[in-house]
Amino acid sequence: MTITVVAGNPKPASRTLDAGRRLAEALTGLPADHVIDVVDLGPGLLGWGDEDVRRAVETVSGSSLVVFASPTFKATYTGLLKLFLDQFAGGTGLAGVVSVPLMLGAGPGHALAPELLLKPVLSELGGTCALPGLYLIDSTYTEDSALADYASRWSPTVAALIAGR
Amino acid sequence: MTITVVAGNPKPASRTLDAGRRLAEALTGLPADHVIDVVDLGPGLLGWGDEDVRRAVETVSGSSLVVFASPTFKATYTGLLKLFLDQFAGGTGLAGVVSVPLMLGAGPGHALAPELLLKPVLSELGGTCALPGLYLIDSTYTEDSALADYASRWSPTVAALIAGR
Amino acid sequence: MTITVVAGNPKPASRTLDAGRRLAEALTGLPADHVIDVVDLGPGLLGWGDEDVRRAVETVSGSSLVVFASPTFKATYTGLLKLFLDQFAGGTGLAGVVSVPLMLGAGPGHALAPELLLKPVLSELGGTCALPGLYLIDSTYTEDSALADYASRWSPTVAALIAGR
Amino acid sequence: MTITVVAGNPKPASRTLDAGRRLAEALTGLPADHVIDVVDLGPGLLGWGDEDVRRAVETVSGSSLVVFASPTFKATYTGLLKLFLDQFAGGTGLAGVVSVPLMLGAGPGHALAPELLLKPVLSELGGTCALPGLYLIDSTYTEDSALADYASRWSPTVAALIAGR
C-alpha cells in the first residue's frame, strides 16, 4: 500500500500539507510514503514534459490512496492544484487510486466546495472517489474533531477498497 | 446482498426505470430485489409521515446497493426524485449503501449532471458514492456500450465495497 | 414592473416565504405583487396540466423580477421547489425574468448551494440570473445585515436590467 | 466602455482566445480593447506581486465587459486560468464588470461546465454574471451558429447593464 499526499498551496510547507498528512495517516493508520508540495514543482507546471512533474504524476498514479489537499481560493481549489491535475491523463490518470478531496478554509461558508468542486475533477481522472469531500477550518483543525470523525467514519471503506484492489 | 432501483420519472414504468434495472444487474450480476417507481408513491411525498413512503425509505436504507435513476429535467434530476430523497435522514439515511447516480437525457449536453448534481445529494445522505455519475442517452442506451463499459469498469469496486461491508 | 416571490417550503407560510418577500422588496423598493407558496398547489404538481399550476407558472413567466426561495434540504433546494420549476419550458420559461436565487439554512455550511445549485436551474430556464445566490441563516436573517447588504449591493443592477427590458 | 478578453489556454494564440475575441465583439459590436493571453504572464503567476500580473489584473478589474475563455481540461476550466483568477480580490476584484464565462471543448459532453463551474468563480470575485455560461465545440465554432445565437439573445442584457453602470 502506497500512500501519498498532494498539497496545492502556493505557500510551501503549509497547514494544507500538514492537514493532508494527518488525514492520510488517520484514514490508513500509516504515515504517508510520499508528500508532493506542488509549489516545489515550479514553472515546469506551466507547460508539458517537465521531468520532475512527470515523476510526481507517476508517484500519484501508482499510489493506493492519495489525499488531494487545497486551501480555498475564490470558493474553490487553487489554480496551483488544478495546474498539477491538468498533467494527468483524463479518465485513467487516477484509475485504481482511492482519491480523497480535502479543502481548508478560514470559515465554514465554503464547506460544500470539496464535494461539489474538487471531487468531480478527481472523478474525471478516473479516481475511486468513495469518500465525501472533507472541509476543515484552518485555524482549528488540529483541535476540533472533524478530521478524526471523518477518519473513523470512512477508514473501513478505505480498507475495503484497498483490500479489493 | 439487497439490490434496489429507485426511478424518479413522473411517467410510470419509464425507460429511466428500465435503465436503472439494467445497471443494477450489470454491476452485481443479480436482478434487483426491489424496484421503487417514485411516482407510485403519489401525494404522500408532499408531506411527512406517509406509511408507503416510510416503507420505501426503509427498503432503500437497508439495501447494499441502490441505483438512483432520473431523467434530466432542466439540466438536473427531477423534482420528483428529490422529493423522495428529502424524506431520508441527512448524513445517515444512506449510510452503508453503495449509491449509484444514473441520469438519462435526450442528448449529450447534460452529461455532467449526474456527477456534479445528483451524486452530491446521495453523498449528503451518507451514501458510499464510489462510482462516478453515469449519463445515458435515452434513445440509444439499450444498444450503445455505455452501460456495459461502465459496469465492467466499476463492478470490481462494487464487489470490494459489498464484501467489506 | 411585476414582482413575484416563489417559496418552496413544504411548510406553508414559512420563514422562507417571509425572507423571499423581504428580499424582493429590498431589491426593488416595492412589495411583491404575487406570492406563490408552492405547497398550496398540492398534488397537481405531480403531473402535467393542472390549471392552478399553469396559472402560477404564467404569473412567474410574466414577472419582471422573481425571488425563488427555498430552505436547504440535503444541502440543496427542496424537491418541492424543483417540482414547480419542472413545469416551466426549458430555455424560455424564465426568459426576460430577473431571477434571484435565495436559500435559507440552519448553519453556514451550505452557503454555496444557492450559487452552485439553485442558480443553474433558473439559468437553464432562460432567466436573467445577474445576482449571486444569497444564503441566509434562518434563525437570524431578520436581525443580521446579510439581506440588506446584498440588496444595497445589487439593487442598481436590478434597476438597470428592468429599465433595459 | 472597455472590453477585455482573457484566455486561459497553455497554448499561446489559441482558438480559445480567438473564440473569446469573437464573442466579445458579437456581444458589444466592438472589437476588444485588451486581450490577455494568460500564458504570456509566465512564472509570475505562481506567486504574488509580479508587476505584469498586477497590470493584467488591473486591466480586467477596470473593464466594462470581460470574456473569460478557457479550454476544457478534466471537465472544467484550466489550472492556468484559475491561477490568474486567484490573483484577484475576493468579492470585489470583478465588481461592476460584466463577466462572461466561455469554454471550448472537443465534444458536447462537458457543456454544463461553464455554467456550473466557471461562472461561480467569476461570481465569487463579485462580477456581474448575468449571462449563462457558453460552451462551444472547438472544431466547429467558427461555422456553427452557437456563438451568434448566444450573442443575439444576450447582447441587449449586456447593453442594459453597461448603460446602467
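Which chain is which? They are A, B, C and D, in the order written, and residues in each are numbered from 1.
We take it that a contact is a pair of C-beta atoms (placed from the backbone, for glycine too) under 8 Å apart; a residue touches a chain by one contact, two chains touch by 3 or more.
By chain, with names taken from UniProt: A, B, C, D = NAD(P)H-dependent oxidoreductase.
Bear in mind the structure is a predicted one, so any value in this text is a computation, not a measurement.
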Steps needed, at minimum, to go from chain B to chain C via contacts: 1
Taking each chain's C-alpha mean as its centre, the one farthest from chain B: D
Separation of mean Cα positions, chain B and chain A [Å, integer]: 27
CA centroid of chain A to CA centroid of chain C, Å: 36
For chain B, residues contacting two or more additional chains: 75, 112, 116-117, 120, 124
Residues of chain D that touch chain B when the two form their complex: 75, 107-113, 116-117
Residues on chain A engaged by chain D in the complex (per definition of touch): 10, 39, 42-43, 45-48, 73-86, 88, 90, 117, 120-121, 124-125
Chain C contact footprint on chain D (complex, rising order): 112, 115-116, 120, 123-124, 128-130, 132-133, 156-157, 159-161, 163-165
